[in-house]
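A, B, C, D, E and F are the chain letters, set down in written order, and residue numbers restart from 1 in every chain.
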Amino acid sequence: MVKGILDHEVGDQVEKFLLVKSSTKGTASNGKPFLTLILQDQSGDIEAKLWDASEEDEINYSAEKIVKVLGDIQNYRGRNQLKLRQIRPAAPTDAVKLSDFLETAPVSKDEMTSKITQYIFEMKNPNIQRITRHLLKKYQQAFLEYPAATKNHHEFVSGLAYHVVSMLDLSKAIAGLYPSLYKDLLYAGVILHDLGKVMELSGPISTTYTVEGNLLGHITIMVNEIGKAADELGISGEEVMVLQHLVLSHHGKAEWGSPKPPLIKEAEILHYIDNLDAKMNMLDRALERVKPGEFSDRVFALDQRSFYKPSFHK
Amino acid sequence: MVKGILDHEVGDQVEKFLLVKSSTKGTASNGKPFLTLILQDQSGDIEAKLWDASEEDEINYSAEKIVKVLGDIQNYRGRNQLKLRQIRPAAPTDAVKLSDFLETAPVSKDEMTSKITQYIFEMKNPNIQRITRHLLKKYQQAFLEYPAATKNHHEFVSGLAYHVVSMLDLSKAIAGLYPSLYKDLLYAGVILHDLGKVMELSGPISTTYTVEGNLLGHITIMVNEIGKAADELGISGEEVMVLQHLVLSHHGKAEWGSPKPPLIKEAEILHYIDNLDAKMNMLDRALERVKPGEFSDRVFALDQRSFYKPSFHK
Amino acid sequence: MVKGILDHEVGDQVEKFLLVKSSTKGTASNGKPFLTLILQDQSGDIEAKLWDASEEDEINYSAEKIVKVLGDIQNYRGRNQLKLRQIRPAAPTDAVKLSDFLETAPVSKDEMTSKITQYIFEMKNPNIQRITRHLLKKYQQAFLEYPAATKNHHEFVSGLAYHVVSMLDLSKAIAGLYPSLYKDLLYAGVILHDLGKVMELSGPISTTYTVEGNLLGHITIMVNEIGKAADELGISGEEVMVLQHLVLSHHGKAEWGSPKPPLIKEAEILHYIDNLDAKMNMLDRALERVKPGEFSDRVFALDQRSFYKPSFHK
Amino acid sequence: MVKGILDHEVGDQVEKFLLVKSSTKGTASNGKPFLTLILQDQSGDIEAKLWDASEEDEINYSAEKIVKVLGDIQNYRGRNQLKLRQIRPAAPTDAVKLSDFLETAPVSKDEMTSKITQYIFEMKNPNIQRITRHLLKKYQQAFLEYPAATKNHHEFVSGLAYHVVSMLDLSKAIAGLYPSLYKDLLYAGVILHDLGKVMELSGPISTTYTVEGNLLGHITIMVNEIGKAADELGISGEEVMVLQHLVLSHHGKAEWGSPKPPLIKEAEILHYIDNLDAKMNMLDRALERVKPGEFSDRVFALDQRSFYKPSFHK
Amino acid sequence: MVKGILDHEVGDQVEKFLLVKSSTKGTASNGKPFLTLILQDQSGDIEAKLWDASEEDEINYSAEKIVKVLGDIQNYRGRNQLKLRQIRPAAPTDAVKLSDFLETAPVSKDEMTSKITQYIFEMKNPNIQRITRHLLKKYQQAFLEYPAATKNHHEFVSGLAYHVVSMLDLSKAIAGLYPSLYKDLLYAGVILHDLGKVMELSGPISTTYTVEGNLLGHITIMVNEIGKAADELGISGEEVMVLQHLVLSHHGKAEWGSPKPPLIKEAEILHYIDNLDAKMNMLDRALERVKPGEFSDRVFALDQRSFYKPSFHK
Amino acid sequence: MVKGILDHEVGDQVEKFLLVKSSTKGTASNGKPFLTLILQDQSGDIEAKLWDASEEDEINYSAEKIVKVLGDIQNYRGRNQLKLRQIRPAAPTDAVKLSDFLETAPVSKDEMTSKITQYIFEMKNPNIQRITRHLLKKYQQAFLEYPAATKNHHEFVSGLAYHVVSMLDLSKAIAGLYPSLYKDLLYAGVILHDLGKVMELSGPISTTYTVEGNLLGHITIMVNEIGKAADELGISGEEVMVLQHLVLSHHGKAEWGSPKPPLIKEAEILHYIDNLDAKMNMLDRALERVKPGEFSDRVFALDQRSFYKPSFHK
């Protein structure tokens, strides 16, 4: 496998294509403009400065452009930086495409789709099954491409669907051990809980919050959608309200964004499964480049903790 | 005006009709059953014990029955209690009716209706006006009868509408002083903010929470209703989302039940006006029987504070 | 199956053997002594008053005695109470024994022992395996009899072992889905995490805290024990410190009793698995007598929440 | 009206007089000194760098000096900056004066004075009236010039008096709707509540905290002043203590600086009116340059929220 | 020494004079009035019921009356109670006086006065010395009789002066070890810090809060008094403000009632010394009747902790 | 005494030996490497930039090297900086040694040793005495050299022992005033409370946390050590558990790192004495360079407070 930009060490010279994640103009102490570029490939991203930047540079090296660079990995204030020797925009003949540079889920969309379809197929309660299938179908394309969040966990292409698939497998394993759980509710809750993110967030790349995302949030958006789906499908049983409650309460506490705490067993367990999968994802990413006997970087969403990999854990 | 049950002092003998607010059966230390009755009129409620209660008594003196009593006001553990000498169920010939015993708003339903109608009439934005009018009409009957809460403030018949009318007057006064406020939004926010209570609560008497009230809450219920109203009226402008945001955020903070804090000026002011009117209502009720130079009882929803009426405030 | 004391309804007359859980002397308003008895069988416990109690009664009906009663189920202040008609101490000829009245885990000690033994057998790291086996063996008898807590969850005979077995099964299922987890650590963490309770608590019946339990707590006690075990077994690898860290951090946060938060992946997951199994246990117990469409009693250790059983969940 | 420095866009060339708000010396990477100047007019302030600064420059371009600049508006790290081409100190012949560059209340001192005088005139309680008049007169000059705070709200010349006048108008409107309020107390509380700021703060320009401000704070300072005023005027009624309580409690909670929470109705309402006027001021300033359909900058004192201006709010 | 009422055990018969601390009327289940009396001597207090109480009894056995009782110590719901056989009001010929029944400091007023006088005499800064002496003299009589609080610590006659004397001795010892401390400030801070309690509280017996105590609190009262004292003595140095700051900040944090935290070294240390002496007093009282190897009752003001007396601590 | 690097003012030229505390490489805007050096002597540390740094420079001027510098004190962004003119590594002939540049306790190791020995000698309880002596002896060398913390208080060579000695003196003074305190426990608690720091921290210079320090912490480490010591000495009395409790609880609250709060009187007082001595140390250091009438820098560990030195405190 080709080395990613994060796999190099200080002192390495690199020559490769990279995607401009962001580009910010500044003025140097000599009064001339420069660009601070964040360049990424599937391994992660690195900062680079382009000094004496022309107006043309500003256009060529703006966000979402692909560039070819030659440069050296340096250490600047404790973090790696790419010192540029050469940079040029990618040409059509370079035959590189956006998706080559984006981190994406380790499972294909088709595989994920078929797995989720199977879980819906296993549901026995027709009201729950129909609402879930309806909403998934309505937003399926975005659902398969969006990240699960702008940062912290599953913040990559198809991260949302990947998170859901992992949670479904967890749900099945847990429901196997605690048979009092109502599987249909748990599966439907998992599939719908974050689906509102396809309206809360702007899309899979350079993800930001939409106005609706800021003013209402993905929880409220999806609670409304469940109500609409029930109306359209002519479903009026208590299942509608209960599904709304599962989505409404899945953040667990008011101060975490759920105006009602979980008040149904499966809602409480959904909150746990969501948390557990998100934490496993964050822990694996934090520790993947850490050597046995060392500590990871601090992980913001895990209370700024720095995790240790035991020296006997080869 | 006739003296209410709370207007009597220890030692008074009273003879009057009262409404049974609740009735609980217990067993005395002699092994015989007794009833603990909470009896009310428009001035408030008082506890009474009915010793050696028969099964017939249990039926005759259950909640929402009206009774005629003769008894003495006593002090028991620092609170007034009614020591019963005689009690009998009200007869049809007594010509007393339920509403005589319920505390109710000091303004008539008609007056409130016409005032609110006038505020809606003054709105200039047709989308806001149509949604507000539609929802008010849909739930008008309950809106005019429900209390604003089960306890703490405006917990009386028509309390919800009375709270809304007071807030509308406050909104008008404040918008007169700060002309940058968008009046239509403020008025609509006031009218809709607590309207979901007609589904969250069980009704104007012996008010409890419905299952929907417990699992979703009045905020989420009304946000959904605004979405439905817009669909039915064929309205799709940003006004829909903004009205939903005003309702969603009117508790001010996540830990107080709003998953999004106010992010629009009128939403912030709506939260303030709601609070101010609720506090004035609680303060007035806490202080109405307090003499100058004395402290009120502790007010639960005002951080358990006990308020002082200055001795120069005659 | 024979009806337990909690399976009766108000109005039923019952005649059965019960265990005295506690007995408290009081003075009635007529000046005579009486006993407040809490009587239990495997279904739960109920209060009963024994009026005009003699000194002999005090002795005969003290904690851990078995009695034969005849009485009526009554409602007193919203809770069921047993009104005694007759009571007598159990005689040897009654052929009843203590364990008939104690709630106990639904799996036998032998089954649990063999399951845990199998998990230890699967460990590949000899240091972890030897320490775990050594400590389990040292405290095996108490481990198989103690509850996991004095209240809240798994508060029954053999509750501690039952909790551990459930967590081991959960660990296996989760490690199957997230292969980066180091199974040996997870299994050892599960087995040792609460083992200190056999010194923190007084025993399986009428459980209270020991002085050592109050002053040091089960976490510190077990961290010390791991150090001693390593000394005795001549083990000095990093595994000792890491196992101590897993036990030390398993409450997750300083304010919950862990002076260090989890700083190793398996420690974080151990905390989650512990929580998840405890919550499932509490939820199942809270909901087991609740009918579809109703709310449970408030559950103290689940933030005083009252849980709803959906009406479609037959 | 002449364009202020904040009314220009990136790329504009500007030539105008500005006031030096602050000047800080630094050393560039070439080892030479430079000045970081914050330059302001009534529209707000902007940063500029003066490279290769001489010792004379340091003196000429220090805080509170007026300068004439020629330069270009640039963007540096997301914020506007003024790139200097020319700079010179203002000369007497330039006929510019300090007050031309300071933001000030939109109402004249005379107007404010006459309005407040009228409110005092309306008071009926002579003790309250005399104390209020006495203290206002004692500190009148500073009261009319000081800001209400060093930042967050009303942080401009005469901001304190302007805040008081707005609050008086609000008080009148609210007291009109809730007639149980004691107007004299409310008006006096408004006028006195922040008057201690004339001793807590250093003055209307480059405002900092005095030693007394740091060690005692404006609340304690004014409570003491009320006591002294009463002594000097020979007033001994309960009004003295009640006015002290209003000032003492106007921050609402201990953690916000009030050792006693409001325990009198008018004290509670004073706290609300203070908050409401401060929030309106912050909201208006945050939104005044925001276009419909956009979000404001984050507002520090409003919990870092960023406010949205609806697109239909032209 | 004569046995106090708390020194008896269940089963003892007692005959002695006691002071009525409080008397509350109730109605028994037979409908007749009874009195709940709290009776005290210097060892503490005990509850007693007087059944079938006449109106005369109500008057004879009201708060602050002295009575002669004959009765038996009983256990009621885990607490000792006095079962009355006979009770009569004390007669003049009984030659008992109020102060015989009140707990009081273990050091005489004269001793305390001479000790404090000595500390004031040692002060070298005349401004600090004069203000301290002036205020102590002004309130000396009450200072020597008041308790330091209504509950928690030093809640006995002369408790305030006793607390101050202990703190002065502590100050001297600590200043001896840390010579950078300014002794005059520390001594003055100790003497003045709680002196406002003589106005905040009602008096040494049946102590409650005054209106001024509720609305302003002892901290604000004393800060005002220091200002007045300085005016009267014609002192204007920074010592005035610094002494006010010491009193103002001695609770340590805003949420504990100090609007400013300690910002001077001696203010910080004063807060510590105050805390340390209060804690020692509470600990000694909690443990004085506890046997080695046992736990004390829970102490409310020490976070509800129950303290252990080691078994080797004879 | 020779002036330390912190005793100079802006504009001074200095020539002196300094120790490199840390050295970080960066890249200047001209693309060339430079070193940011933190240089220290016993008075404190200062930053210096070494521009155009060669690879040799990087080696010569790395952490723990001693250098000779010639340069000027400048102000950069409000803090002093050393502008280098010349720099060279110290040569053997310069006759300077590491300990000349390290801040160290003001009392010699011998003096501290003999003082602590005396306190141990005074103990009367042989179990407490033997455990304390054993552990002190085991770690004596490190104990006499380590700091008490990496920052905040006593963060200098021998800081740990110095802190312990001050606390012992405080203990003696306090126990003199409150004779109910058990001196042996208090002295042993003081000596052992932070002894685990010799394993938690890396050493007296460039102090960091060890892996054991991160995963277990000094409290748990020392609780284990007390258990081991008792085993080795064959001591089994309650003293072992009580000493463990004193160490375990000395941070006072769970959120501050003590899984059990102090539950023994001497444990509570130990927590206080620890705090008091740490605060005095921080206050003295914060104020030692502050002139009367000025405020200190903000002190991080004292809630970011800035302390005032009264102008009359010469």
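We take it that a residue touches a chain if its C-beta (ideal position, glycine included) is under 8 Å from a C-beta of that chain, and two chains touch if they have at least 3 such contacts.
Predicted model only: the values in this text are computed from it and were never measured.
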Starting from the defined contact criterion, work out which chains touch subunit B and subunit D both, please. A, E
Homomeric contact subunit B-subunit C: same or different residue positions, threshold half: different
Separation of subunit C from subunit E, taking each centre as the mean of its C-alpha atoms, in whole Å: 44
Chain centre separation (subunit B, subunit F; CA means) in Å: 61
Flagged in subunit A as touching 2+ other chains are 29, 211, 214-215, 242, 263-264, 308
In contact (per the touch rule at the top): chain pairs: A-B, A-C, A-D, A-F, B-C, B-D, B-E, C-E, C-F, D-E, D-F, E-F
Interface residues, subunit D side, partner subunit E - complex: 211-212, 214-217, 219-220, 223-224, 227-228, 231, 241-242, 244-245, 248, 254-260, 263-264
So in the complex, which bits of subunit A are touching subunit D? 24-27, 29, 31, 211, 214-215
As the complex stands, subunit D meets subunit A at residues 28-30, 51, 74-78, 81, 83, 293, 295, 308
Within the complex, subunit D is touched by subunit B residues 125, 127, 166, 169-170, 173-174, 176-178, 180, 182, 185, 237-239, 242, 261-265, 268-269, 272, 275-276, 279-280, 283-284, 287, 295, 302-303, 305-313
